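Quick one: the structure is below, questions incoming.
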Amino acid sequence: MKRFLVIFLMLALGFYLIQALHFVPFGANRMGAPADKKTVAAFYLNETVPQTAVANVVTAIVVNYRGFDTLGEVTVLFLATTGLASILYKRRDEEETERVSKPSSTILQTGAKVLFPLVVILGVYVFVHGHLTPGGGFQGGAIIATGFLLMLIAYQKYHLSHSMLTWVESLAGILFVSIGLWGLITGGTFLENSWFPKGTLNSLISGGAIPIIYIAVGFKVAAELTGVLDILLSTKDDKSASNIQQ
Amino acid sequence: MSITPVHYIAVPLAAAFLIPILSKFHKETARIIPGLVFSYFLVISFVLMRQVSNTGIISETIAGWRAPWGINLVFGYFSGFFATLMSVIGFLTWLYSYRFKLVDSKPAMSYYILLMMLVTGSIGIVITGDIFNMFVFLEIVAISAFSLTSFYPGRDGAEAAFKYLLIASFSSFLILLAVLLLYTQTGTLNIAELSTKVHLIPQSLKLTILVMFVVGLGIESELFPLNGWAPDAYSQAPAPVGAVFAGVVVKGGIYATMRVMFTMFDINEMGQILLILGLITTIIAEVAAIKQTQVKRMLAYSSIGQMGVVMMAIGIGTEDAVFAALFMMFNHAIIKGLLFFSTGFLLHNSLTKTIAEMKGVAKKFPVLSFMFALGSFAIVGLPPFSGFWSKLYFLMAAADAKLFSMIALVLAVSIVEIVYYFRVVGVMYYHQPDESLPTKQPGLNAYFVMGFLAALIIGVGVYPDLITNFLHAAAYELTHKTEYVQTVLTQFVR
Amino acid sequence: MEGLAIKILGAVITTIVAFAVGMTYGGITRKLTARVQNRVGPTIFQNFIDLLKLQSKKTNIYHGVMGHFAPMWIITAAITVLMFIPVLHPGTAWYNSWFPNLSFHGDLIFLLYMMVFGSLGMALGAGQTGNPNSAIGVTRGLSQMVGFEIPFVLALVALMVQYQTTSIQDIMTVQRESGVWMMFSNPFSFLAALFASLGMFRYSPFDIVGAPAELASGPVSEFGGKYLGTMMSGGSIFAFIKLTLYVDLFLGGAYSIPELLIKTFALYMIPVFYGWVNPRYRTEQAIRYFWGWPTALGVIGLLIAIF
Amino acid sequence: MCSFDYQTIMSISIYGSSVVLMLLGLYAVLVKKNLIKIVIGLSIVDSGLHLLFVAVGYLHNGTAPIFSPEAVDKVNQMVDPVPQALVLTAIVIGFATTAVALSLVIRLYKHHKTARIDQIKSLKW
Amino acid sequence: MNTLALILLILFSGAIVAFLSEKVSKFLPSLIAFISITAAGILFYTSPADVFNFKLSMAGLNFTLKIDEFSRLFVHMIIGLSWLASMYAVGYMQNKERQGTFFFNMLLSIGGMLGIVAARDLVSFFVFWEIMTWSSFLIVVWTGADFRRTGIWYMVFSAMGAYAMLMAIMMIYSDIHTFNIDEIIAAIAEQRLPHLVEASVLLLFGFSVKAALMPLHVWAPNAYTQAPAAYTAIFSGVLSKMGIFGMALVLLSMLKFANPADFSLVYINGFIGQILAWLGAITAAIATLYALIQTDAKKLLAYSSVAQLGYITIGIAIGTPLSVMASLFLAVLHALFKGTLFLAMGAVERQAGTTDMTKISGLIRRMPWTFFVTLVSIISLAGVPPLAGFVGKWMLYEALITNGNVFMVVVVFFSSTAAFLYSYRILFGIFLGQEEDDTAHVKEAPLSMILPMVVMALLLIALGTYPGLLFDPIAQGMTVLGFENVTWQMTVLSNVWGNTVNLMYISTTIGVAFVAALLFLTLKGRKGSRNVGTKDISTSGEIPLEHENLTYQLDFFKPFERAASPLYRRKMTKIYDDLSNGLDALFDFTRKIYTGNGQTYALYVVIFLVALLIYVQNTL
């Protein structure tokens, strides 16, 4: 009964979604010519290179034009780790719990050992070149986190230093905010990019503060994602659950 | 460096990132830094409100890009009202929970960070001028709220948080979809520019977008069929967080609704629907509240009911109605705050937090019980407390719109409200305590917080002009969007 | 000053007449009742003899202040009501010289309430004696009063509405001028009032207050000597008052003492006769009785009076 | 009947798959009883939505909005960069939500010894 | 400083000080209350009449307070009775807990009442009305017994009334955008008020609640009973009169100005008046019937108050000069005698520990002064001449008869005859009858409690002969209501048919006869008379034994009850109970929407989304 109701609802919703998407023809140019700067997108395409000297427009948008969103986004991640820590918080006496995953095979362990540095390096590459190539802090951070995931799965006794993660994510966050605040302090606006030399287009050191922010974001994301994975993996169905005070 | 709206966001974020490091050196920093931030909020609010009254709406650019290109923050009377209210409630909540005994430093740290970010996120919703940015702040609020809801270990907190998360995911999905569709049609995400361009959207699509906003933001502002999460979340979160939910988080949702409905679109397009939704919400919530056995759950339903009335006022959509809605929100924030704060100690050691456990607490906690009773009197709208005026103004606005049947229904559910609030007061004062629960006496900080709120309730009740002029300005600003749009779109670059 | 003296004299004469008539009627009733029941019975003047005996007895028992006040209360009420009732037709020679009293200064509603005054005193006195029978008697009496008051008031209101006045003199004058007694112009109201009078006189079957068999005379059971004597006198005056009121209201009043005596005696015999043929009611039966036909008659009479 | 040219097929397949993903996810959320499946459903909804984000920014024969030295002049063929930036944010937020959701599921499972949503309703009415 | 504002300020700040001063001394709040009321009274009576005028513009609304001649009548009542009651309360509340709360609310409600009668705009009227309501609510529940039945019901009914008023106020506002009563009256005269009839009916509904009119009276008996006696006197004496005040305002002040040319309006006006009057009559009858089966003296008086308010309502609703005068006279009188009675019951409660008439009796020798004031008030209540109650009753009957409301007269007469029953019940139940051993220790109340009662009792006696003392302010007040040139005489009552009753003669006759009888009976055979106790009696000629139960208190009017059993069958409380149970079930059913299953909530969201989409796409 409920199933049919849901199917009906889905069909109706689908109908209205499609009806709505009918007004959004696929592949049509809705931003207008970049030179006209009629829409935000056109403005970005037109102005990114002259204004910020960043090759990757998406990066420019993410870090500069809409940098505030990114700050929020980083905060969301930060809150997720903080929240996770409090949701799955264990008292000291139960801290020494094992990881939930089963012991893994030698193949995985060996492979992980080999792959881990490569994955981390790839991640670092991705976020360092975020302003030049597709990719960036988030992507790089995520790649690094997968490396740690691999290690966490492969080695049951693999211990991450939470203190280290905290330091990394906090410092990266502080870096991001202080770059933003620097703009404010120097009399401009928050997250302002103009005080930093722009550099030349398509070189590693270009785009002013954008790469710095993106690297900070990369570290932060990597640390946070790793932290999340670690917390999730190291929680198990422990016996003490029943006597936790409600 | 002069104070600008972005301080509302940048300072707490810096603080939040700092706390994990600093608390490694000294555990108390996790408590104190949020307090400093909240105090700074008060300073910002005060300075900015003065600035607004001198020079009009403040529009601040981020990253140095002029309004449609970059994200901008807008601070006028309307946003300022919300930001100030949130700052005050946030500060009071921090002060109130300052001495909360927490198991050890780590959850305490999470608690204060999450609390701070809950308020910050809500203020972000309020001051941002960009619709996608608003979404991001909504998510910041949501994630902090999930974590705070399940803050107490135990199963019920997690259950409440999961329901909240499940429903809030729908909210973010719909808002995101609506923002995407808006973007495809107008090519911009700036609220001011959107308001000049929404007429370009085909009617059918516009309605779909509006519906998505109504549902998505309706979840945040606890409209009827969308509010299943609310009672659970309110009742499971720690009591001060309940106050923040009622005083800050919901206000963010309502603000977003108002901003979208008034500034971006025209309220008349969805006004009727909001009106009816608000009415249904009020009726069902109050009806559900009367049957509650848990105090905090009852307060939660009551909050929903109040928000229903606020939504009705928004649905009416005139300047007077908006004024009434703002007044009501102000009252709701301070009164519900007082109620949650006093229940926090009254039921401090209770496991089930039922009304029956409050039997005769007035003998042991005369001041707390008095505060609760005062809050009850105020929230049901008895003069000379502040709740009365907002009710009066709402009714006046509704009467202006000739919505008599609606007035009648709202007044009828007010009677229900009286019944359940007074029942609790009766239990507190006129029942003999049957067992002595080892309860905790509040500290001076909690007394200060409650005393302040009580003074505010009585002060505004006796002399509503303390706040009405300000609210009138806010209502005027919202219903006359030209100033907002012009300030944002024509501002000088840098 | 002379007028005042005459008034006082008239008042005294009125009181004496009322007292004598009431006592005598009581005696006649006792005699008649005895004859009907095939007994010899006391003399007609037995009541006077009783009174003499009571007043000359030494009163040993003092039941507290209310017990002391009760008889006075009754006699005061009786005299006051008597003063405000026109014994004879206004304008007649007899009336002007001897019975002017104060009857221009009161009206029907005042009389209705004033008549309760005495009962109230009695009730209070009876209450203080602490005798449960007295209290039971009082409650019965009050209950019965609520019973018969409804038809009575219906009749009186009909009267007042019909003649557009609340003054007794005016009612009498109207009856005299039109020559039609109320009894004939609105027989339903008259009947209702008549039924009410059955309760008012407290003869069997409505003698539930005194109820000699079970309550030992009820309210008065604890009184003796001067107290009981005074109460008896008051009661006699009240009997006269009630009869006179009925005559004034429904039988066109009287022009002379003999006419008054004839009319009152005729009226008085109705409850007496009724009592002979009926055993005592229980209280609720009595109340139900009054709320039955008498009330219906009263309503009809009132409707007639309105339209 | 519309002609099945490249554009239509792409439109149907991309939009269609994103809509289908969203609806499938929603279906899972609304019907599946297992908490993990519900969380997966939420993720699927998110994926569909993210796909839609990218899809609406697409331009026919467009290129990535990156000014590589050889493509500096292709500015007119670049796809809309804004939805791509937005979707980045959305993905991260989706990740955060999922992480919190999973942690809540873990805790719920710990206390209720079940992951069926219809058996976890100690808070009601 | 404006005098009126100062009076209100004194009362309100006195309330707060009294509340706080409890911490210092238990005795202090009562003293502060007494002092504040005294100060307010002195201020009121020493200021010239034209200074009671106060305007305030706040929060976009204009508040106007003004004491006109009509209000002045009520102010006399409020200040007078409150002053006496607060004097009484000093002794009455001695050694009780939570005095601060009590006196706080007492002063607040007194201030609220003053505000109500002074208000010349509907918002301040409503504000003061609500302040009065909740402060009296707090006193009603002060003892804490039976909170649900007493407190919640009182509050719910009050709220129903208040919100009906608010609804009416909003209707008026939507028509003419003002709250000022004078402007509203002007608008009525100019027929600019389309919602006049609805608004008036709603307003009257609201006032009927406070005046405890028939279907809305169920809160009153419990509330009057539960409040401490010192306050019940005010509660029943003047607070309930606020409903009467409001009715007078609507019926006589507002509706009267409806254009006579508008036939339907006039018709409705008369119709409303008739309905209200009949409700009042039925209230009087039913409440009297319930009063006489009570065993608790306060509850009995509570029902009696409801009945008396019924009479008062009739007079206002009929709206002829005589009836309004009767009504206002009765209103003042009711304040006096019911105030005295409640105070006396309070004294009994304080001295003997209870007012349950099955538990105490025979207190006449222990508390003679209390008995005296009770007797005087009861005689007034019963309307027996020569005390003041008769005057009010007489005027009411004459007004009804001369106005042609003949069947109403019968109903009213029935109820006031039945009132004799409970009048006797209360006198007998507490003061007369057998003296019990467990009440042997009872002493008379202290002087500070006796004095206020005696003052009021003396007033009742005086007004019985000189009602003109009260007719003067009433006639002045009625001028404001539009009854100009109401004739009245100091000691003579008269109706429109020209019939008169001379109270002077009545009192003189009674006095002379009484004195004569007193002399006769007291002087005759004084010697040898023996003062005996209540056990010294003969029942059916037998001397009762020691253990024999001679107390007759239970089922006092059982025969009457049996006779009138059809009238007792339907209890209004039962109907309300059924209603509230039904609502409860409905509420319980409704909240099942919140099933607790998160998935269901999600389903709601999607259903709602789809429904809204379908609705919006297909209709807008």
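To keep things simple, chains are lettered A, B, C, D and E as they appear, and every chain counts its residues starting from 1.
Everything that follows uses one rule, which is that a residue touches a chain if its C-beta (ideal position, glycine included) is under 8 Å from a C-beta of that chain, and two chains touch if they have at least 3 such contacts.
Keep in mind it's a predicted model, so treat the numbers as computed, not measured.
The set of chains in contact with chain D as well as chain E comprises A, B.
Chain centres here are C-alpha means, and the one lying farthest from chain C is A. Centre-to-centre separation of chain C and chain D, using mean CA positions: 100 Å.
Distance from the chain A centre to the chain D centre is 16 Å, each centre being the mean of its Cα atoms. Note on chain placement: the centre of chain A and the centre of chain E lie 72 Å apart, centres being C-alpha means. Note: centroid distance chain B to chain D, computed from Cα atoms, is 29 Å. In chain C, no residue touches at least two other chains. Across the assembly, chain B contributes 132, 136, 139, 143, 146-147, 150, 154-156, 158-159, 161-163, 166, 184, 189, 204, 208, 231, 288, 291 as residues in contact with two or more other chains.
Of all residues in chain E, those that touch two or more other chains are 591, 594, 598-599, 602-603, 606-607, 609, 613, 617. Applying the touch definition to every pair of chains gives A-B, A-D, A-E, B-D, B-E, C-E, D-E. Those residues of chain A that touch chain E in the complex are listed here as 2, 5-6, 9, 12-13, 16, 19. Looking at the complex, you find that chain E touches chain C at residues 362, 364-365, 368, 375, 379, 382-385, 390, 393-394, 397-398, 401, 404, 406-407, 409-410, 413-414, 417-418, 420-421, 424, 427-428, 432-435, 495, 497-502, 505-506, 509-510, 513-514, 517-518, 520-522, 524-525, 528-541, 550-552, 556-557, 559-560, 562-564. Those residues of chain A whose C-beta lies close enough to touch chain B in the complex are 16, 19-20, 23-24, 30-32, 38-44, 47, 64-69, 71-73, 75-76, 78-80, 82-87, 89, 91-92, 163, 166-167, 169-171, 173-174, 177-178, 180-181, 183-185, 187-194, 244-246.
Partner chain A is touched in their complex by these residues of chain D: 7, 10-11, 14-15, 19-20, 22-23, 26-27, 30-31, 52, 55-60, 62, 64-69, 72, 75-76, 78, 80-82, 84-86, 88-89, 91-93, 95-97, 99-100, 102-104, 106-107, 109-111. Considering their complex, residues 58-60, 123, 126-127, 130-131, 133-134, 137, 141, 144-145, 147-148, 151-152, 155-156, 159-160, 163, 166-167, 170-171, 173-174, 584, 586-588, 590-591, 593-594, 598-602, 604-609, 612-613, 616-617, 620 of chain E touch chain B.
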